[in-house]
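Below you'll find the structure I mean.
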């Protein structure tokens, strides 16, 4: 599991007094840097490989300004050219949001899917959800 | 069906040259104003009723700066206290993103679900996806 | 003068119940599309020319969700390689924000300033603030 | 001086390959939390006191994704009801942006300015720019 701490910003709240729901995808993307580094060690956009193709997200608890948030990221599934991440947003001991994102290893220049290289696959497997884990 | 035109902003692009995926939820929320007005005719946050509880989204085509985007919003399902919207993002004649969002009619002050009032239900039904529509 | 209408978004409010101050630069940039088109008629990022070098902004009145906003943009000054825009944000008949931004005509690839071409200068002059105008 | 480290996000880049200029005010606000805590120790929006009335900002160097950013915040001036912060954005040893923001100690409920309390003034003075400092 990867863990990323995020400090909510005033600009991320909305007039209902909590963090606006549209901020969650921003935080989730910000917590995928270790994943991005596996595919693009230099984090260079010239050779960027990863494209989001699907997300499914449950919002179960409000998130507030003034308390740090932890994003817990695990690998859920690894396919031939794609993989899924399980992402959770925690605040004050409660899971507030859980989400699954599907990425494709995509060559943006040549517009085609590419197999996930074996060495990256091994790294991803290290962060895979264990069977029987909650 | 509701239709909302949106002009992509430079600040909504990312270094990959297209609209960043985290912008989509912002646009979708921006295109729900007619729905918000059904529940809160004054658009007042004091008596705000609607909370997002679930989203599921497919990203099928890149979206670019410089060309207007149309958001097409239909009602997919109406439950006792919740409803689902079907939302699509179109650009240059292509459907680029499709998404389903589930809202609960939620009294934020008293923290409890409330039945969707009959007059709002009638309005929502007018925008419901027709059976057999693509 | 250029005029751009903007519909404030829920995600642009903050927990103080108004539009967050960090949203203003986003709106101002969004209202510069006619200026961008003068320099880059195709709005292509490949040959983008304009870089912000300075802004100065007064926030005099709160802006709220639920009421459209008008951005009024005039040319304040045209130099050899740079120009200034005067930008105002109006809501409900009141000027809420006024701002001056300085852009340089900058070749991002070769990292050098370029003179403003005469035909663009003529276009900019058409939108220049008149002497004696408020 | 206050120092805040910020990790740039993919969603904060734009199609020109760098951090979009509209992100700077977001980062600057995010780095004012220690100032906000002086005025609102609970960081509660119910009794929020501070309102931005003026900003002036120089953009001197591009900022990129993939390298941490440091925001250096000092107190520039303390008036009766207002104060100014000097804010700088540094990346890879270069100052990329410098900005001055003016805040008013403003009672949002009663819509009136309030004197800065003596104990807060003492705290602000501790972070004041030294005479002769660059």
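A, B, C and D label the chains in the order they appear, each numbered from 1.
Heads up, the rule we're going with is that a contact is a pair of C-beta atoms (placed from the backbone, for glycine too) under 8 Å apart; a residue touches a chain by one contact, two chains touch by 3 or more.
From a predicted model like this one, the values you see are computed outputs, not experimental measurements.
For chain C, the chain with the farthest CA centroid is A.
Taken over every residue number at the interface, the positions common to chain B and chain C amount to over half, indicating a same-residue contact.
Between chain C and chain D, the centres computed from C-alpha atoms are 23 Å apart.
For the pair chain A and chain D, the distance between C-alpha centroids works out to 29 Å.
For the pair chain A and chain C, the distance between mean C-alpha positions equals 34 Å.
Multi-chain contact residues of chain B (touching two or more other chains): 10-11, 13, 15-17, 22, 26, 29, 45, 65. Every residue of chain A that touches chain B in the complex is listed here, in rising order: 15-16, 21-22, 24-26, 29, 45, 48, 51-60, 108. Chain A contributes residues 7, 9-11, 13, 17, 26, 29-30, 33, 36, 42-45, 65-66 to its touches with chain D in the complex. Across the complex, chain A meets chain C through its residues 10-11, 13-18, 20, 22-23, 65.
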